[in-house]
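Okay, handing you the structure first.
Residue numbering begins at 1 within each chain, and the chains themselves are lettered A, B, C and D in the order written.
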Amino acid sequence: MSFFWTRGAASRWPSCRFDPVAAVVVRDLSVARGGVVLLHGLAFTVEPGAALVLRGPNGIGKTSLLRTLAGLQPPVAGRVTGAGEDAAYAGHADGVKAQLTVAENLAFWAGVHGRALDDAVFRRFDLAALRERLAGTLSAGQRRRLGLARLAVTGRPVLLLDEPTVSLDAASVAGFARWLQDAHLAQGGSAVIATHIDLGLHAPVLDLAPFRAPADAPGSAHEAFL
Amino acid sequence: MPELGQYAGVVLSAWGVGLGLIVALVWASITRARRVKAELERIERGGS
Amino acid sequence: MSIWEYANPKKFITTFGPWVMPLMVVAGVLLVVGLGWGFFLTPEAQNFGSTVKIIYIHVPSAFVAINAWIMMLVTSLVWLIRRHHVSALAARAAAPVGLVMTVIALVTGAIWGQPMWGTWWAWEPRLTSFLILFLFYLGYIALWSAVPEPETAADLTSAVCIVGSVFAVLSRYAVLFWAQGLHQGASLSVDRAEHVADVYWLPLMVSMAGFVALFVALVLMRTITEIRARRITALMARAERAEAVA
Amino acid sequence: MRALVLRDLRLALRAGGGFGLGLAFLLIIVTLVPFGIGPDRALLGAVAPGILWVGALLAVLLSLDRIFALDHEDGSLPLLVTSPLPGEGIALAKAAAHWLTTGLPITLAAPVLGLLLDLAAPARLWLLLALALGTPALSMIGTFGAAVTLGVRRGGLLLSLLVLPLYMPVLIYGAELARRGAAGEAVTTPLLMLAGITLATLALLPFATALVLRVNLR
């Protein structure tokens, strides 16, 4: 599967580089951190080609929700379909190796995901001039761009983004939003994004506040002892 | 006291160490049990 | 009525809590009888002199030390398979008891070795195996206290316990292969009890029963303590959460 | 998996990667031992296999916490776990990379360092064989230990404490194989046991490591 469009794509999206994928469906989901239930009764669907923006105050459980969608932690209750194996997660840390060059970092993630590294990704994320630089010498914003470029390299259709624009300047934010819209969503990919910045996407916003779990929500790791 | 002969020191020190450690273990277990129990009762009375 | 009902923390406390004191008394009586009998009323052995009296401490503590680890292995498996919290806490409660028993077996063995072999420490299979067991206990207990999150700690310690058990068996064979023993295996070990004259064997069995009763009582008491400590954590977490939500 | 092994090798060779740390440690031990126990050649030759085994084990122990700690710090680990690589594959790849950067150089260097300790020629070959068979198990067991102590701050001491007893059988059979080979005694038992332990370790511990990794990333 090349970076751009391939045949055999779903018919609903005429130019779709992803194989047909199911929507991300979340039903009755409860999410915990450190054994304490943070969110409960979550239900939403993200169709291919669509994005969902998560909003909510600090500590409400955005990161835990994204980690649960990514399959890093098991749901306390409910179920998630369509993410997991199809999802690429980007958290606060970029997973960038300081002693490797930009190109080596991306080539590694391409290799892990069994894909060839396409040169277009360097242009898309404004990294062409930095290709042979050691990642350790990058600025915070450049490093973040490299971390985001990894998402494109994995070729996974569902993106789970936790504050992706941190330390990006306005131009980089706009560039990233453009990539997300034109090269990802328009090609049949989808995204769940926790962000405080308006990326200018035509995406519904899900406010997590109504789903905040009370102190005695069922499913806590402490439950057996209460 | 039985006649322990030339090995009196050996036998008594082995018994001393063994019984001493057992007593220490029992004592530590009981004090911790009491402390935790009291702490729990205090918190439960606190109404949380 | 299933045995798993007792895996409920409250049920465990109400069921086994009342057993602790009686078991302690039974253990005390058995220990006084067995140890007293052994210490005051048994003759000296031909080759050992009065040092033979050390077996009443040495052998039961070694026996409990090994069986405590086996109990921890079983409860760890139960935790990993059935996720019963009490099971994990019982393993945690048993570890320090096993550690102390291992230390007693090692120290009394060394003290005994001094007059018998002419040295405090000999690198012979059993002492070496117990040294390895001692390291296992230390690592296991240290891991429990190093991981703050209870479920994570239970999972990690269970994995270490299971992997460690396999390697403990391997070590046992390796150590046997590695050194020919100085130990008086045939005359002192329990599985060869028929080789010990009845005068020593009967009080030894009573002491053994006393150690086992003491172990059970201590593990029950400590498990209940762990359950209560865990309940404190749970209540605090809930109160903190209630504050955050409000 | 190949990509992961190659990346770890590359990282180890770059500045600050820690390649050669174990080797340097082994060299230090081999240099210090004669000063400690005296220059008697017969004595040195007799204890050399054991010294080199213990040195190799300590050198491996020294490098274990690097296996996962760096990937944990920079956030690569959750990304790896959610990649198409199975957890067992990650464990095996990590152990393989660790062996290639630590175990293999030690195995190759030990017979040469044996010269300093007056180790006879056939004994050097036996030592080479024993280390080649045993060090993969050391790397795999160490990877398991590193995965267990992943979330523990300053877990280095705990890691050593957990791994040390697990290393015992490998050390016993490995050193015994080298010693018996050198002395011309029967080597079948230690040879088979060492090979068996290494194979069983490589077959089973990746599963335990994957489980423990998942638990620690939860």
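Here is the rule we go by: a contact is a pair of C-beta atoms (placed from the backbone, for glycine too) under 8 Å apart; a residue touches a chain by one contact, two chains touch by 3 or more.
None of these values were measured; they are calculated from a predicted model.
The chain with its Cα centre farthest from the Cα centre of chain D is B. The chain occupying the central position, as judged from C-alpha centroids, is D. The interface with the greater count of contacting C-beta pairs, when A-C is set against A-D, is A-D.
Annotation: 49 Å between the Cα-based centres of chain A and chain C. Centre-to-centre spacing of chain A and chain D amounts to 37 Å, using the average Cα coordinate of each chain. Distance between chain centres (mean CA atoms), chain B to chain C: 15 Å. Put simply, the C-alpha centre of chain C and that of chain D have 32 angstrom between them.
Multi-chain contact residues, meaning those touching two or more other chains, occur in chain C at positions 231, 235, 238-239. Residues of chain D in contact with two or more other chains: 218.
Shared interface positions of chain A, i.e. residues touching 2 or more other chains, are not present. Interfaces, counted as pairs of touching chains, are A-C, A-D, B-C, C-D.
Within the complex, the chain A residues that touch chain D are 67, 70-74, 85, 87-89, 91-100, 104, 108-109, 111-114, 150, 154. Residues 8-9, 85, 149-151, 227, 230-231, 233-235, 237-239, 241-242, 244-245 of chain C are the ones touching chain A in the complex. Chain contact summary for the complex, chain D toward chain A: residues 2-4, 6-7, 10-11, 14-17, 73-76, 78-85, 217-218. Residue ranges of chain A in contact with chain C, taken from their complex: 34-36, 59, 212-216, 220-226.
Chain D makes touch with chain C in their complex at residues 144, 148-149, 151-152, 155, 158, 161-162, 164-166, 168-169, 172-173, 176, 189-190, 193, 197, 205, 208, 211-212, 215-216, 218.
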